[in-house]
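What follows is chain A paired twice: with chain B in the first complex and chain C in the second.
Showing the complex of A and B:
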């Protein structure tokens, strides 16, 4: 077993241990809910990290794909009486198809056309959610979305949801890691280093980029479905542009081009945010402190660790050892 | 190795600037003032100091984010009540502690805030959230945890169908439309046109108008829409003018309705303009200027408190609330502060009666009868968790740049 493989397994084991430890330490719905949100944001962020880190493309519409999953689940279960699992799958397939249709023309072009296209999609989707009449429940949304259940066992409390969401995250981590070692993954790495070199090796760069974009949309949709079946309510507001931007920040802070980076970014931002809110009770100096602090964090990370927290910290470690 | 100083310099400049902004902004924010007049006069009525374990009530308001114009006054109202209750001896001899969480107008943050209040702080009831979306996002958490929730938001979906643990103190547009239709029937109006914002507020109003005008036998001769950010509605109004309605009913929030009032004037439309409670604020008069004259709208009684007849059950409560709020915050009173006042006072009344057990508070809340609040007189029951009637609205006309009740 190579040293790299050992380190990989060790890292995975540590992550699983930390996640498994939380419900043992506390059964508070508050802490478990923070855990579930980190998992949901993490699922979207890992997908976006693959897109940003390997295909070198930014999507400013991930919140819309997250919303499509949530609304897909809500509409199929409430209006058509669909099984929640089936609804989740159908929503993911539909979201993937939409991403494919957007990706094919835009990813053939050079430059940040995908960012513009996804920005537009985000706005269109938001309008559809708002104006969808009784189908989407309009601006005030759809309440009473059913919980996910296996037989008679419903994932209806925070502990159960935590135990559902995190295994999905770990499955996704394993899948993404294997994907990066497949033919597509090698193509993506080649594109990451030099697109021209990759093309001269007969790699269909546009196709590889579309694949990873579709994958990121499907991940977002699955997370959105989990959100809808957990909170039991969807409305247009959480799926608008600011959340797309927040996701990009999570990926940038944690570091794209690594699987753990975006997950750590999601955890860091969620925890900092909640700590600030609680700190506000003790020092009520400024209520919009979080926005300022996130700005500072992004600037500092870009200046000192342009490859994100995960790579940044480990390379500094390596530098120190090399001394 | 590269020299890190330029980067450090940039970084420290940015951090310094940010800190300066935050501290400056923090100082500029008006802090709630103490009620002038100092501590309660001891000689008149000795007040026993509250003692023992505090009674904890949670509150979730949108203090920041898009909902801040609503959430901030609600927070001030809650702080004012906490202060007043504790100075008057607390609740059942125990001090009152209101734990206020800011949901930043985000559904996910509201969910976390609710779980924190329920599990960490172990509050006996929750007041808020400010917005309909944030309220509906935490309805299930409160239902499952069996914690009474008294929302300050207006969506009909909050209290219809009735949910065991969920109440709301804001008047719905159903009641506002009822008030308008009642007036139109008195006037013998036959032909109306409606023009509504395409947002949540406007479309929900349009739906109610269609339903209730139809039931009252008033014909809708034309129905138009506008987008929240539109700056000219001449096209829609020209179409409406051609249908020659007696009244035009507009449903939206500023600035759209003010633009419509101005456009109507320049097009020479003489039909009576009726607006919604969404523009019941000074801003509308400022924006519409002369064109605001003669506009009729339903609004909470707080705006016309001085004009109410002394026989009105709410008059004394409204005047006292306005005086206390303006003394405490140094800012003019507003309707949303009233929603927080009503929700919180009803919860406190229930705690006084039933103690701090969650289920007992819920049962007591459901029994609330003839509670004279800011928004109206509440009569809650197992079938109605809002408890208001159309009398919660006064119908006012704008005259000489101020509000006057329609006689």
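Showing the complex of A and C:
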């Protein structure tokens, strides 16, 4: 077994151990719910990280895809009596198709047309959620979204959801690793380094970028469905532009072109967000400071660790070892 | 009709104009299977532009490129590469963030089939394909003599070896036509000798090659036919010795400094 493979397995084991330790240390619903939020944000961020880090494209509409998953699940279960698992799958397929339709024309072009297109989609989706009448429940949303369940076992509390969401995150980490260590993943990394050379190796760069974009949208949709079946309620607010932006910051902070980076970024920002919310109970102004603080974080990361925390810290460690 | 009746590559009346500047003008030539075709000429003669049109980086203003009897002008770059046209770049275009082996594995891209779903679940078909591609890449690395550097980051190698990585990457695609854009540019005398020996071995495998090169000894050694380009036009196409004796060729070169022309995109 190579040293690289050993390090890979060790890193994975440490992450699993940390995640498994939380419910042992505390059964507080507050901490467990933060744990679930980190997992859900992490699922979206890992997909966005692949898009940013390997296709070199920004999506400013990931919150909309997250919302499509959530609303898809809510609408299919409440209005059509669909099984929650089936609703989750159907919402993911539909979101993937929408991403494909957006991605094909925009990713053929050079430049950041995808960012603009996804920004537009985010706005359109927000309007549809708000104005969807009885289908989406309008601004007040849809209550009583059913829980996911296996047989008689429902994922109906924070601990159970925690135990469902995190294995999905780890599965995703394995998926990402499998992708990056394969022909398709090497093609993505090649595009990142030199598009002209990648194309001279018969890589269809537009097709590869669309593939990653669709994957990132499907991931976001799955996270959104998990959210809807967990909080049992959807309304338009969580799926608007500020959350799309926050997701981009998560990926930048953790580092896009690494498997763990976006997850660590998701954890860091979710915890900061929640801390400010708590602080807001004492000093009301703190709640509105999040956007300022995120701005400062982005500037600091770009100045000192442009490749994100994970790559930044490991390269500093490598330099230290090298003396 | 058998494809073998055609020359491998036919370039017919090719013309490329950039905003009024005629970079390639009415260029026609044919490259027979299994031969090495040299492309020489002073700086700015349009040699790299010609490569960029043949490989689909630029669409020609006029004219056609026929590969194996099929018109490939207007096809996207990756589609032309998928038909077996491989190239190296005058300004190195290696994948800096990847190992030497991974660079060469990217060259094998067109031989893989597995899709995204099979890949993320790492199905047995993906494992089998991966093993096959790795063997393939290793053969290419051994051929150019870089097998001991497989795991090294490609960016850690000196320029001479990075050039070999590019050649290995092109060979790994098992091309029917290999385009080499000034492979000896920036190499030391010793590295150029090693390269010359490598090119001889590649030519001996029967691969069809078009090479742009300023090093005349290298050109004389390996090319069966040489085309001289000047100001976008073909001056003459002949055997290397006849070309060297041609007074028009000498006139075209007179007073011209030797070093590089354009960029990978130029």
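We take it that the second predicted complex is superposed on the first by the 309 of 323 C-alpha atoms of A that agree within 3 Å, B and C clash if a C-alpha of one lies under 4 Å from a C-alpha of the other, contacts with A are read in each partner's own complex, and residues count from 1 in each chain.
The definition used in the following text is that contacts are C-beta pairs under 8 Å (C-beta built on N, C-alpha and C of every residue); 3 or more make two chains touch, one makes a residue touch a chain.
No experiment lies behind these values; they were computed from the predicted model shown.
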First (chain B), second (chain C), both or neither touched by A:237: first
Touched partner set for A:274, first chain B, second chain C, both or neither: first
Chain A: partner with more touched residues, chain B or chain C: B
Contacts of A:113 with chain B and chain C, given as first, second, both or neither: neither
Partner chain in contact with A:196 - chain B first, chain C second, else both or neither: second
Which of chain B and chain C A:12 touches, first, second, both or neither: neither
Partner chain A, residues of chain B touching it in the complex: 7, 10-11, 14-15, 18, 21-23, 25-26, 29, 63-64, 99, 101-102, 104-109, 111-113, 115-116, 118-120, 132-133, 136-137, 139-141, 144-145, 155, 157, 198-200, 203-204
Chain C contact footprint on chain A (complex, rising order): 175-176, 178-179, 182-187, 189-190, 192-194, 196-205, 211, 215, 257
Chain A-touching residues of chain C, taken from the complex the two chains share: 55, 57, 76-79, 81-82, 86-87, 89, 93-98, 102, 105-110, 112, 114, 116, 119-122, 126, 129-130, 133, 169, 173, 264-265
Sites on chain A touched by chain B in the complex: 28-30, 33-34, 37, 130-131, 138-141, 143, 156-158, 231-233, 235, 237-238, 273-274, 277, 280-281, 285-290, 292-293, 295-296, 299-300, 303-304
